[in-house]
Amino acid sequence: MTRALMKGNEAIAESALRAGVRAYFGYPITPQSELPEYMARRLPEHGGVFLQAESEVAAINMVYGAGGAGVRAMISTSGPGFSLMQEGLSYLVGAEVPCVVVDMMRGGPGLGNIAPAQGDYFQATKSAGHGDGRLLVLAPSTVQEACDLTLLAFDLADRYRNPVAILGDGLLGQMMEPVVLPDPVTPVRDTAWATTGAGRGPARVITSIDLEPEALEAHDRHLQDKYRCAQREVRWESYRLDDAGIVIVAYGIAARVARTAVDRARAGGLDAGLLRPITLFPFPSQAVRDAAGRARAVLVVELSAGQMVEDVRLAVEGRVPVRFYGRCGGVVVTPPEVLEQIEKAAADVGAGRRVQAGGTS
Amino acid sequence: MTRALMKGNEAIAESALRAGVRAYFGYPITPQSELPEYMARRLPEHGGVFLQAESEVAAINMVYGAGGAGVRAMISTSGPGFSLMQEGLSYLVGAEVPCVVVDMMRGGPGLGNIAPAQGDYFQATKSAGHGDGRLLVLAPSTVQEACDLTLLAFDLADRYRNPVAILGDGLLGQMMEPVVLPDPVTPVRDTAWATTGAGRGPARVITSIDLEPEALEAHDRHLQDKYRCAQREVRWESYRLDDAGIVIVAYGIAARVARTAVDRARAGGLDAGLLRPITLFPFPSQAVRDAAGRARAVLVVELSAGQMVEDVRLAVEGRVPVRFYGRCGGVVVTPPEVLEQIEKAAADVGAGRRVQAGGTS
Amino acid sequence: MATTDLIVAGFGGQGILFLGEILARAAVLEGKDVTWLPSYGPEQRGGTATCTVVIGDETIGSPVVADPAIVIVMNRPSLDKFEPRVRPGGLVIINASMVDRSVRRSDVRVIEVDAMPQAAALGDARMANMVMLGALLAAAPVVSVEAVGRALRDHFPPPHAPQAAANIAAVARGLTLGLRREPKRASSIGA
Amino acid sequence: MATTDLIVAGFGGQGILFLGEILARAAVLEGKDVTWLPSYGPEQRGGTATCTVVIGDETIGSPVVADPAIVIVMNRPSLDKFEPRVRPGGLVIINASMVDRSVRRSDVRVIEVDAMPQAAALGDARMANMVMLGALLAAAPVVSVEAVGRALRDHFPPPHAPQAAANIAAVARGLTLGLRREPKRASSIGA
Amino acid sequence: MSRIVIDRELCKGCQLCAVVCPPGVLAFSVTLNSRGYHPAVLADDARCTSCTACALVCPDVAITVFRPEPAGAGVAR
Amino acid sequence: MSRIVIDRELCKGCQLCAVVCPPGVLAFSVTLNSRGYHPAVLADDARCTSCTACALVCPDVAITVFRPEPAGAGVAR
Amino acid sequence: MKQVFGRPPVLTAAPTHYCPGCTHGIAHRLVAEVIDELGIRGRTIGVASVGCSVFAYDYLDVDFQQAAHGRAPAVATGIKRVLPDRVVFTYQGDGDLAAIGTAEIIHAANRGERITVIFINNAVYGMTGGQMAPTTLLGMRTTTTPAGRDAAQAGYPLRVAELLAPLPGVAYVSRAALSSPAQIHKAKRAVRRAFQTQLDGRGFSIVELLSTCPVGWGLEPIEAMRWLETEMIPVFPLGDLKVPGTGGA
Amino acid sequence: MKQVFGRPPVLTAAPTHYCPGCTHGIAHRLVAEVIDELGIRGRTIGVASVGCSVFAYDYLDVDFQQAAHGRAPAVATGIKRVLPDRVVFTYQGDGDLAAIGTAEIIHAANRGERITVIFINNAVYGMTGGQMAPTTLLGMRTTTTPAGRDAAQAGYPLRVAELLAPLPGVAYVSRAALSSPAQIHKAKRAVRRAFQTQLDGRGFSIVELLSTCPVGWGLEPIEAMRWLETEMIPVFPLGDLKVPGTGGA
């Protein structure tokens, strides 16, 4: 297996190609522009469509058109562009058009800056724009995982006929790591619903309007049923969690920093462990609840003022104290900072069982 | 005190005039078009600016311009338009420009329909677009309250230099009720920050960009401090809550339906009560916690697939079961339905102390 | 109960919302609380129009009514839709000119008014809604006739005084008809 | 520990990111895990460029490094910024051509290389970054010299072989200089 | 068979057909159709020229127009 | 005093001034300024005509241009 | 008797939800006829916009996507790019196309997307209750210009056909009026030519159809037709503004 | 010696963050000089856009609002409407104005907003690293048109001045180039006339300034200047396209 050294943005692009993406629409924005630039070079070679749209609003609606026409379609952006896509995402959800949306988060609010952040968690996980729709949300923490989740994202999008978001951050997009690229797949997809020109058959319609409240309610319930089904897609990673008294919950790049802090804490004899949600919606609530049930405290680490912490609190339901440590505005947490938070937590709730110092599990 | 019979949409418009609104920008959308139409007739008479923008995107940015120039500015919309304003709202929050945003919710997702709904709760309360910003969110349940909260909204916007949302629904906008209109006020406002042309003084800047992560983080913390301060603005209404074993939590129009259901439940000897959040952000968590502490069960009623219920669960933290009943897609809950849910809750958790039947408190 | 809830239903163009609005304005004039809720949206064009009015001495809770005490039906589809929903013991007022069947339930009071010829006789068949309003006042005095008169005069201020007068006449006609006509079935009283 | 973290810092245009990238590619060739993290954004233009590389035998946790084991500083502002952050016992490699002061801490090892004239002597002062890379390999063999050579040859495939050769020569020069030069202060060993 | 056939249920009584009919042979039913409109009716088939003007302007495409076959055409088929 | 003054720190060494200077009297410093650029310098004041061409194109507005007062102007003031 | 006029097969049997006298119905018929005549029913994909014609898919028996308000050209671009051999058209109102969708129509045109746009200019927002559109005439009363549109406050009627015609990506631009049998004949020709332009792979094609909105205008259907002729046509002159093979880049 | 050229007072002392040779700096100076000359510093409000000139407020000493990407004309509209006696201008790049901000610029122009737009056309997205802009020339390589802009895929260079000039709300439209002392002189005149148009209450005014982006183009500053002259000017002809008092509605 050859390993390539790639940037997160490029690795996602390449994986999308291998997942059979047929159309990419987007609008430049830092820190993800390598992704469209990669697509501009490669997608046409694969017989696909690359189009730089006039705006994110246009781009997401082009995705609607292409996705609705039955091909794997994709878009990528960062915070401000993601905001502009909210109406379009709501339409995609409502009309059940699959697609993959990448948001490489940066410092906000407003124009903010282009440094890594995780401040779009709420926007990505709580609602696909207005109305009751949701995105499925995947959060890679390594470039390899970015590849793997890109494939998964396309599959989930097809399976649930719903947009799937890959929620990364500027750092993941810009960093290079060795990756084993997935083998190209020829996706087997059911697109009997797609508008491809009716041929001799009955005409098909992609739409999200239903003036009859009862009918729209039934549709909304159908969407909620899908989200309930999607619970089976829940993914997370445990790291040194079995005997952890201090459970860190963190995703994406913050989780990697936390992992190093966990190692350092263990080296110092503290029983820290890490639970890393990989799917943010559906959220691994049960896993968090279970880990919290065995712990003395939960520590949520985010690059935001505190967003995922709400989902953690919802899962923990007051069983143990949930602490929060966040940096924002593009500042990235570092291992020593997280270690300090672990130490503080340990001091507050009792150090617990001393674990053997050193050694990486 | 003369009472006028007015539609919710028009009452909000008239109250805004009396609150000293100087500029309205908007784009037509049902079920709130009476609001801009009222403004088109009346605002110019008051020397203010009414402008129908080319889109919601343009409109929210006009609000940014006018608000940033130091006048009370306002916008109104419904779901799809609210989604389109997310980027602009994030900028308003980041640049600390006050304004009032009305979202008269309708069935979603996508184009959905124009019937009343509460599916934009997450979008309104959890994040002002991308990044860590928030809107303050007020939820009137009567036309009178819509008037009163409109005045409050402008005051809070000034006080916190943050956009304030009035989250209503199509039903509130379209219904008529008697209202006592507020007396016109001449707001005393500190606009030393506004860009009004520098005169001889130093130039002022309205902006949300800061490339330095530490500086942007400091700004984000400043915003979060404001939101913490804003906790003091928390408002809610209790109805027959003192001795309630079944606590209904509902806002806006759903709360009124629930209120009637509570009366019917009481008439039937069930100890139901209602807690109606008036501020949705900040959320009256403590009040919910307190009420839940005295209750056997909490029942959340919404016109959505379940959104505010998360804030309720966060407040209750597992102390008592939190049940949810929602209708969506524009279907409005009715008193008998809510009563049935109360009865079911009572059956599941025990009927509790029998209250004296009948009588409205 | 100190609260009365009613639904008016018919075709768009039959003055459904106006009937409700005059009722609501009359309630305001009497110092009552009231909610007036239109069906809005696509049904407006050509289709069905409905209007829900709740009048009470105290703060009104739900403006949404599933089981009204009173329904005023201006056409056949509205009767089909709302007959089953009326509360037992409630009141159904029917515009007989546009409804070709009678009520099937026996646990509600029914008043049938051939409102359109009556209104036409007063100069405009479109005032059938006011005739119906009068009939309502006869059967269930939810507001006073005087308040309705004032509400109409407020709505048609002096230059339009003749219209006010015509509408008031229509209400009066309905009232007379209503008072004359004993409810057809009345298994229980009260609304 | 089986993980080494280092930061390379200097002006934009000094080949900071390239130094880090060659190191990372060499690590990949050796089957190691590695993360390469650029500072990106506005600093790119004219300002400071930094690059963080973490190399490990096992899965790497944080690609973000607050307290690096090694820093390679290509100019004075970078020394000012990163000297305080190096872990006690760590290593500081200084491009003496652009840094006019020496290290103040006494708990780190220091290597100073006058890289620019050395690179210029090899034909291009801009290869100073490769000289520094060589010096790094001398003081802390985080990857093998062979792997670096292969990484450079991969990066400059045959038509560009002369460039590969020149860069490899610069690395070799740095290696020699680094091996000749005993670290100036070494209160502790290990990186 | 008359020269034009108006679908009574599709018609919304907008009267556009009537104003464009050159001979003015269209009128309106006094009774309502099921959707509450007074549909158009052909008042004088004899004067209708099958010119299709009415059909061209009918927003509801409620009008079908027929034209007598040229003499002998029936045989040719 | 020379006819033009170049702000060494504002200058980014883009050389645009040099190409538009009619007499070609602008050159570049071999040393770097604090931002890492080789700033422009006036190599031959005598041949400078104070034409302002250099200043007009300078993106960093780093150049101030002076012109000798007409003879006697100093007295008039 | 031989049938000389009837409902085209692509037009479904469903009665429309349009107000009496609304010319959306005429426009639908023209599109249906052209699709039938060109024999492209099975390979045509329509894009419905947000406006009174949102349910165009109920009336035209071809595949359809319903697009967000103003974004139909972007949606059509997405479809056409991945299915280049299909015929893709949008059907948009003037609020949709000329207000919120301005960027999308201009850029689709400028890119020369091989799509056809049927643009219904009825000078008003019909669906939402008669507010001003960019195409509203000066002095015209709408619910958001209660004193009539005043150029100083609300700008001028936007002439979309004129705006787009000069763009090199645009192959065919025509304006017609749905106001009389004769004009409707011309409109039909324009619609057909627009689709033909797409079939020929020539570039972007658009037909602006001046239409009535009796309800939004507060006029009876017959009055509305007359108003269209006397008031709108002078502001929006009819005819071909650009035909394939002229003025390209 | 008398000073015949120096930094205008409205230009702050701050060194700019622009790349060497980037003509944003020249444009800034022209605006500063005009504000000084017209004596409107204390009543001028600028609107910065999203692009390399996002920090224009650091360099021009007047009140400023920083607008979301593409929305500067909407922001300026908001300001000007509530402060009609102030002078309001936007400063926008071609990605900002001609791509994402298309609807906003067209409608501000069509409404005849009394604002002035300084439009920096450098044929590329500078800030984000040299992607294609709507103004990118055919055949020009950018990071998103690696093989050169191909009209069939990516459309044609959009001529904004030509697009806006016919709109009746527009009073003044001019295009100039920041490519030589002589052209810069003309550019200055255009900028001044644009502001004067606003002061005279004539309507919307815009100056398109052809500019260089040496970094985005991958050229040395001097080459970039030359490329601007030889390649851009032929596609974007210079001069006044509309002056106040002509072609209004």
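Read from first to last, the chains carry the letters A, B, C, D, E, F, G and H; within each, the first residue is number 1.
Methods note: a contact is a pair of C-beta atoms (placed from the backbone, for glycine too) under 8 Å apart; a residue touches a chain by one contact, two chains touch by 3 or more.
Just so it is clear, the structure is predicted and the values come from calculations on it, not from any experiment.
In summary, the chains found to touch both chain F and chain G are H. The chains that touch chain B as well as chain H are A, G.
In terms of their C-alpha centroids, the spacing between chain B and chain E amounts to 55 Å.
Averaged Cα coordinates give chain A a centre that lies 40 Å from the centre of chain G. One inter-chain figure worth recording: chain C and chain G are separated by 43 Å, centre to centre, where each centre is the mean of the chain's CA atoms.
Each chain gets one centre point, the mean of its Cα atoms, and the points for chain C and chain F are 89 Å apart.
Residue positions of chain D with contacts to 2 or more other chains are 41-42, 46. Residue positions 35 of chain E each touch two or more of the other chains. Counting partners per residue, chain H has 19, 54, 66, 68, 99-100, 102-103, 106-107, 134, 154 as the residues that reach two or more other chains. Partner chain A is touched in their complex by these residues of chain H: 50, 54, 66, 68-70, 95, 99-100, 102, 125, 127-129, 131-132, 134, 143-146, 153-154.
Partner chain A is touched in their complex by these residues of chain D: 21, 24-25, 28, 33-38, 40-42, 58, 60-67.
By the touch criterion stated above, chain H contacts chain F in their complex at residues 1-7, 11, 15-16, 18-26, 28-29, 180-181, 184-185, 214, 220-222, 225.
Chain F contributes residues 1, 3, 9-10, 12-16, 19-20, 35, 37, 50, 52-53, 55-61, 63-69, 73 to its touches with chain H in the complex. Residues of chain A touching chain H in their complex: 27-30, 33, 36-37, 40-41, 50-52, 54-57, 80, 110-111.
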